[in-house]
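Structure incoming, see below.
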Amino acid sequence: MNWPQLIITVITIGSILGVVTLALNLQYARGGMINFGIVAYFAAGAYAYAIATQPAPQGLDQYSFGFDWPWWAGFVAAGFAALVFAVVTGWPTLRLRGEYLALTTFAFAEVFHSFLINERRIGNGTVGLSNLERPVSDWGPIEEKYVFAAAAALLLLVTLIAFRRLLNSPYGRALDAIRDDEIAAAAVAKPVADMRRQVFLISAVPVGFAGALYAMFTTLAQPSLFTAEVTFVVWIALVLGGERPIYGVVLGTLGLVFFEEVVRAWPFETVRSAQIAASVEHVVTGLLFIAVLRLRPFDRISEQLKARA
Amino acid sequence: MLFLQFLVTGIVTGCFLILATIGFSLTRRVEGFLNIAHAELLGVGAFATWWFNASRGWHIIAAAAIAVVITALVGLGIARAIYDPIRVRGPAVLLITSVGVAFVIGGVIDALIGTGIRTLDIGLATSYEPFGIRITNYQLLVVALAALVSVSLALFLNRTRTGLAIRAMAVNPELAASRGIDVRSTSRATWLLSSGLAGLAGVMLAVIATLTTDLPFAQILVILAVAILAGLGSLYTVIASGLIIGVAMDVSVYWIPAGYRPLVAFAVVIIVLLFRPEGLAGTRAA
Amino acid sequence: MNNNSSALLSVEHVSKRFAGLQAVGGDDGLTFAVDKGAFIGLIGPNGAGKSTTFNLLSGVLATDTGRVCFDGRDITAAQSHKCAACGIGRTFQTPRVFESLSVIDNVLVGADSAGERLLGALGRSWRVRESETIEQARLALERVGLGSYSDDPVTDLSGGELRMLEVARQLVREPKLLLLDEPTAGVHPGLQERLAELLLNLHRSGMTLLVVEHNLRFLLALADRVLVMSQGQLLAEGAPSEIRSNPAVISAYLGDDHAV
Amino acid sequence: MQHTRIRWLHILAAILALAMIAAACGDDDDEETSSTASPAQTTTTQTAAATSEDPDPVTDSDGSDAGTADAEPLEAGEVTVGVLVPLTGELGEFGEIVADAIEFGVGEINAAGGTSCGTIRTVIADTGGDAETGIREATNMIESEGAVAILGPTSGVMVALVDLAKREEVVIMSPYAGTITLNELGGDFVYRTVSSDLGDGAASGLWLSSRGYESVAFMIQNEESTISPAEVARTEVTDAGIEITDFVVYNPGQPSYQAELTTVLANEPDAIFLAGGQESGVTLIKEAVAAGFDGEWLFTADLAVPEIFDAVGAELINDKAFVEFADADPSLPEFISFEERYEAAGDPFAPNSYDMVTLAALALEASGQCDGAGINSVIREVADSGTAVSTFAEGRDALAAGENINYEGASGPLVFDESGTVSGAYTIQQAQNGEWVNVEFYPASTFDN
């Protein structure tokens, strides 16, 4: 097993997904909002990046818009697109609570996904937009994969710092108050609806950035990359890590991606073994979820960390 | 006329959705969480039917009956072994666990069945055209089963001791327990019932569709749509929302490309939820 | 605005129905006024509509008809947090606290900090005044007798202490009008004494108080005016001594109650 | 707040430490493997050196020496090739056919003594048809297993891998990814031994136009690999003056397709062009026939398997159904010979898969460089210049004799165009007595405009 490569992949993918998990954590553990359509904001970021940096359509392309902007403009556009999508979906849904909010956001994500598949003028339909621009191709002696891992880790770090700072401030305290008891929070002049909306919107922005990074990493924006499965994975990471502690969330995500990679790192040399492995992988992954959710190892680690600090 | 044909097709689709969702909704009401693995239970029912019918050569009715029983027992076993011990951890953990369970069932089915398509050893559907509207015997069977299941479930829940206990559990588990309802046996009845219903939906899936190991889980999105639309309401709202989504999806094909069917299903969900945030059941708390 | 200059709060023809049942306001709605600096008791039998009235005044519920003016502004349609921002503070019949926060943090939520705005929170400037705010919060806790619990989790407090905590959470915001919903229920006698003293102090310092209370001995000793509600309507109004002897009140309320 | 800061620093330190460990290990790894077939930057310089020293590597009969020198990394003198196919999911059966044919090809190559880079070792992974899994598995194959080529991805995955292939200088090849997106992206490190969907669609269009239908309905699964050929066929059919009654794009995975069929059947077309997978295809056919449709059918490659007769019921489609797919010319001597050696030669894309791995091995041999860049530099020449060969052993011997070679594959002559695509031949088969029988063959030349 090639450990350095494995760690690089875990850092890259784990950090990108970690940003999404952090945003989900902010919405859920602090804002009290269950968002089951988080993948749509991720997809919005990736597609915005793709459309912004893509050259104008030509030849066999079916998409209608390509602005050929530089990568950084695409990156900014991704955050903006996720924000806009959050405004559009948040405006009608945020007055809903709990499960109903969860299911409406899920429905929005499905609508968006179906739209991307069928409206071929946006992103070429099922085949998606490919060969997307990567920031710089020549990093001198540093291999590009390290640059990506570092960029992903940096995005995670910046998101973590920003969210931490926000949550350790009176703003975070007020959020906790709103989540605990909306009526009592309103009785001390906390603008409940406004603050919930703010949390919903600001947490969407890093998800958009993560989407852009993911698009750069895979050089692809394709509907099949952004299915409800991504939402499930991120939620699993969140629950694995324990909902409340912010490091647990990151740990849970990295742990999940690590597991996926370890399972995949095993080389199979015959068709039969690869076939068996494919079904066994599902079974093992499922059993592991069940076991981890029952035993909560990540939760305990982060509790211990907390107790020691 | 074409429109009527779409409408009838939509009703059949809706009836299948009712069969597929009714057990899911029951679990959700009584056990309080979304059991994503329900879709894979459809697979257990479907492939059990296929195995007994196509591989062992049993008559379809015998195969279907045993498949329903097997699925009910598998569902109960999973609930006892996996869901019960973590019930106290809340619906989110249960939901994610059920995704894990879905992976396990899916993986096992994959390993046992393999890729490729499977069909039952039954004849081709026979078409009837009353009033110029085409409908097949299998479609009629789906409608009849949906009606039968709905009526008998309604009678069961309203008239029998166990049924009333299930309803009491759904409304208020603590109260139910304090009033002397045997929670454990009621929960067992619920799991047997909801899983058995998944098995029955699986049988119908095997009858009308072409089976692949991916097909059962592909139904989870529509099942969710129907369940969301129904909200936490009674049996009747599940019936209503199954029909609404079925008809909306199929009739939409009259105007917009068929590729948009899932979009239509979820658009209906969004619109209804915006006006009735608690779903069709819609008793809003003050 | 036709409110007279000394009235801080004026309630005019307000009514509220729940599922067709009249909760507050009879044929003509509920009408009363609270003068600036007054200490008013609001009493009445269970189901008289006292708590509903509080919910209407603090914006938790929307009125069906009528008008509410506070401090020269029409707040009839204002949402709960707007009412609070105007200067109406309140406690709840069953205490509502923020369970995941510590005792002191519960009080701190009551204070308006610059760090509660999104951009403010990301900056550092809010930290400057934070220690001052914390000091105020400690003071408020001292005043309600919870000074020694400030760093405990709120779940360690008793029901009566939670009521006191709610009061402290409002004190730190220095509301112009404080609505207290049964402040002595479940509060042990020692704390009750302390509460009485506190209310008198607040009254003396010029805060306007409107208190719903079932413990009439406690309330009638403190309030300078009493409103009596029954079946959503105002039954009587007057000084505590008048109320004690009002036959209508006695029959509607005191008659079937073993208080006084 | 003091506490949180300290905790915060801990985490920061931990992440930095992790990153440093990773970077350190990475460096070690580079040192270890840089002298090897790893596609890392060091190897690139070697490549450059090699090309400048040997302007014509194909004629370099000394290749074997260079190869053994290069092949130190893999202990037993092996060179690794990744096989990245769907083994689960809708295309699982095709993935299996491809993987089996590659295995057969590798067996032949290794039995002939392997390449000068060593014997070929395959690592196989399942993509399930999913692009993200594809990218991660491919990265693993390249970085951890040192794969020099990745064979067998489906259209969606192939498109996702284009950038990775060029960046890591690893050749990716597919025997069945027809997507027209690759018509623009392919050509450098990206090749396929099947023609593009343009040809596929053209063949379908040609067949539909030649049958004398007055009206045809299109039912297309909502996937790139089915929509793009269908669009081409639509143009072809429209140009022939045939009425297209419906063009339905449907989602697979449904229990029933009655809604999609409603207007199609109401318009009573002479034929239905069904470009869909097996699951949706079988259900659709049954539902249409049950509803009284008795016109003709044209299916696409997914249904070109014998299982269809069992699943649908042979009597429903006998004589009425046709299937169109990219296929080898059965009269080619290379195909006949392949058929004699490999029992499953008739499976769809089996010859293309065999050709793919044989070509990759020949290119390895010819370039004398045991890496993806080497394959990329010579693969076009190997396919089309000099002595005609049809197996690895023949090719290797010709190369050893200093000749240029022209690999004539079991699936056809294999000449890569600018986009790394071959022009291919297509077969139309008819359902007769429960099996598929050839009725028409469109050689590659049919589509050369």
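Order of writing sets the labels: A, B, C and D. Residues in every chain begin at 1.
One rule holds for everything that comes next: a residue touches a chain if its C-beta (ideal position, glycine included) is under 8 Å from a C-beta of that chain, and two chains touch if they have at least 3 such contacts.
Values in this document were obtained by computation on a predicted structure and should not be read as measured data.
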{"item": "Any chain in contact with chain A as well as chain B", "value": "D"}
{"item": "Centre-of-Cα separation between chain D and chain C, whole angstrom", "value": "75"}
{"item": "Chain A and chain C: spacing of chain centres that average the CA atoms, whole Å", "value": "44"}
{"item": "Gap in Å, rounded to a whole number, between the CA centres of chain D and chain B", "value": "39"}
{"item": "Chain centre separation (chain B, chain C; CA means) in Å", "value": "51"}
{"item": "Where chain A touches two or more other chains, by residue", "value": "117-118, 275, 278-279"}
{"item": "Two or more partner chains touched - positions in chain B", "value": "110, 114, 257, 259, 262"}
{"item": "For chain D, residues that touch 2 or more chains besides their own", "value": "87-88, 96, 222, 249"}
{"item": "Pairs of chains satisfying the touch condition", "value": "A-B, A-C, A-D, B-D"}
{"item": "Complex contacts: residues of chain A adjacent to chain D", "value": "1-9, 11, 13, 59-60, 117-118, 124-128, 130-132, 134, 137, 141, 143-146, 149-150, 153, 157, 164, 168, 218-220, 222, 224-225, 247, 260-261, 264-265, 267-271, 273-275, 277-279, 305-306, 309"}
{"item": "Interfacial residue positions of chain B with respect to chain D in the complex", "value": "2, 5-6, 9-10, 12-13, 16, 110, 114-119, 124-127, 134, 136, 139, 204-205, 208-215, 218-219, 249-250, 253-254, 257-259, 261-262"}
{"item": "Residues on chain C engaged by chain A in the complex (per definition of touch)", "value": "58-60, 79-82, 84-85, 89-90, 92, 96-101, 105-106, 108-110, 112-118, 120-122, 126, 130, 166, 169-170, 173"}
{"item": "Complex interface listing, chain A residues touching chain C", "value": "162, 165-166, 169-174, 176-177, 179-181, 183-192, 198, 202"}
{"item": "Footprint of chain A on chain B - complex, ascending", "value": "82, 85-86, 89, 91-93, 96-97, 99-108, 110-111, 114, 221, 224-225, 228, 231, 257, 259-260, 262-263, 266-267, 269-270, 273-274, 277-279"}
